[in-house]
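Order as written gives the chain letters A, B, C, D, E and F; numbering starts at 1 within each chain.
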Amino acid sequence: MSTLHTIAKSPTSNLLESCRQLLGQNENLLFIEDGVYYASREDLLATIPGKRKLYALREDILARGIQGKITDRIELVSMHKFVELCCEHKKIINWF
Amino acid sequence: MKKQTFTFISRAAPYGSNRAQLCLDAAFAAAVFEQKVNYLFMGDGVYQLLADQDAEDIETKTLGRALETLDLYGIENVYALEADLKERNLSDKDLLARVEILGNDAAKSLIAKSDRVINL
Amino acid sequence: MKFTLVIYTAPFSHEASSTALRFAKTLIDEGHEIYRLFFFSDGVHNTSRMAVAAQDEVNIPAQWHDLISRYELDSVACVSSAIKRGILDEKESARHELDATTIHSSSEIGGLGQFIDANINSDRIISFG
Amino acid sequence: MKFTLVIYTAPFSHEASSTALRFAKTLIDEGHEIYRLFFFSDGVHNTSRMAVAAQDEVNIPAQWHDLISRYELDSVACVSSAIKRGILDEKESARHELDATTIHSSSEIGGLGQFIDANINSDRIISFG
Amino acid sequence: MKKQTFTFISRAAPYGSNRAQLCLDAAFAAAVFEQKVNYLFMGDGVYQLLADQDAEDIETKTLGRALETLDLYGIENVYALEADLKERNLSDKDLLARVEILGNDAAKSLIAKSDRVINL
Amino acid sequence: MSTLHTIAKSPTSNLLESCRQLLGQNENLLFIEDGVYYASREDLLATIPGKRKLYALREDILARGIQGKITDRIELVSMHKFVELCCEHKKIINWF
């Protein structure tokens, strides 16, 4: 029952860096929209300690054709799972 | 009405977009409805705190003036992120209002204690 | 669970309002309650009844209207955002001596109080922007 | 010199349309010719006749309308951008069976051909976004 | 009608915003009016070139498919900036269309030879 | 009669870096809107070789209260001078 952060812009936005400044222990991340490009950037994700769960919205990944480039740490999720993640986390912080 | 702790994170520079004003309007509304309000300036949002703003020549309201009224609305917990001030070569002498400068860890615990986080 | 969705961006220019729409449909699919849709800033354009999409494009405001009507959702366009963007109901249109309304009948114009109320009374708030 | 200004963003959300307006006034002050104003993407909202500004705020669409009318400027809202954003003239409104127009009478709805033409026939093109 | 050289710089990722589509629409118009057109993908714009895009599930037109028709419109000078591909771990094997990969100096001289630069 | 580049977003946008990739010899820069924050960032401007002229729009500087923080390389200009600069340069490339 911790916090879910969503990130909706590409790495050019530096939103992950901003998010990381406020990211607590055991808080999880979901990449959506242009944010899913982060899921293909192992170099940038390396700054997020491993015990945090990293999710990315499948439909946004497929739209952009990056399904073959996703790093192992990412779990692809459906819109249904997105809703479920919102229920499982008490607080949601949206970065856009 | 239930009383909750709202934390507003204002990350946008003033004037270039309406985001800074939007965040402020929402915080004023939370204060009017007697919620507990924290206001955190982060990223380019710290530029809102600069003294000597005067937006007359770009025909806009001067945002800095509105920030000076935060405490009139009962918003007394006003913070700015230390790292983001430093990155922009700003120190507390440059700032218009009494804001508390926070490190990332202090900001994290502020967020952790909030019920709602509005992040603009 | 009770959800409120806050939409900050206009349709057609950003994916966010389309993501929000799919998220809202999924909430309903799964039996969750939508406490309120709150359209803020450029998001108010999602409530426009004047938007005409191209044939090969989804008319997002029309889809919002269908969803809101069908499930009788509470849908609010922030008044200060709306009127400066030309999103007007009968009352605002008359007050400013204009001759037409532009908001879909399924949404109403309301204040930031309804944004704060939604934050207090929903289990979850998600912002799309 | 002959200038064309292209405006990509909506008023009230971004400073760009306000910068463009001040730039246009300065051009006129200095005796330059404005070949065309071209409103593209969210920029078409600058031509809305339905926008109602707050008392302490400049009504940017109204100011554009005054400037365009006074100096009889050529002002075009891109058709594909406009209709999906609910910016309609009489022809588009009738064609889509709507009951109102939303564009200021001083601007017309036109195609991207007028964007290309402006690029070819102006000495300078400046984009604001 | 005078013939000019237009260079379109497309810097936005597809789908997240309408910028990529906007730039493409403008370039198609320039081609229809028989202007000389260069198309340069830069920054996040290089993401538009990825093969295997399918935007059906987000209910949008698949932009990659439109890019494949560039040459049908007579737009044959299509380029991508090498540094921006590299930063995103992309190589020419990932790309859908025949694009020429340019270093910054080659791109600069492309721009220098253009009459109009539309930069989105 | 070269090219004038305008930059309209704050340094967070990295627009100056993008512009620099395409910046030719003797091309000049004008900072407007949130772009004027660049004028206060000597560290970032150091990447632009000295012979290029750097301008910033005065009204945007004054609005933001950064008039005391502008580096020496920047020339503050009025809207009239902005128009004049557009006349003096044959081509204008707008970064936003």
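Just so we're on the same page, a residue touches a chain if its C-beta (ideal position, glycine included) is under 8 Å from a C-beta of that chain, and two chains touch if they have at least 3 such contacts.
Because the structure is predicted, anything quoted here is derived from the model rather than measured.
> Check every other chain and keep only those touching both chain D and chain E; list them.
Both-contact set = C, F.
> Based on the averaged CA atom positions, which chain is farthest from chain B?
E
> Determine the centre-to-centre distance between chain D and chain F, using the mean Cα coordinates as centres, and give it in whole Å.
Each chain's C-alpha centroid was found; their separation is 26 Å.
> Could you work out how far the Cα centre of chain C sits from that of chain F, in whole Å?
Chain centres of chain C and chain F, defined by C-alpha means, are spaced 39 Å apart.
> Using the touch definition from the top, which residues of chain E touch two or more other chains?
In chain E, the residues touching two or more other chains are 15-18, 43, 58, 60, 116, 119.
> Would you please write down the residue numbers of chain D that are in contact with two or more other chains?
8, 12-13, 15, 19, 22, 41, 57, 80, 125, 127, 129
> What positions in chain A touch 2 or more of the other chains?
8, 12, 33-34, 59-60, 94
> If we count contacts the way the header does, which residues on chain C are in touch with chain A in the complex?
1, 3, 8, 15-16, 19, 22-23, 26-27, 29-30, 32, 124-129
> Would you tell me which residues of chain E are touching chain D in their complex?
Residues in contact with chain D: 1-2, 4, 6, 18, 22, 25-26, 28-30, 32-33, 35, 116, 118-120.
> In the complex, go through chain F and note every residue touching chain B.
8-10, 12, 33-34, 37, 40-41, 43, 58-60, 62-69
> Would you pull the chain B residues touching chain F in the complex into a rising list?
Result: residues 13-17, 43-44, 47, 50-55, 57-58, 60, 62, 64, 88-89, 94 of chain B touch chain F.
> Can you check the complex and tell me which residues of chain C touch chain B?
8, 40-41, 80, 111-113, 115-117, 119-121, 125, 127, 129
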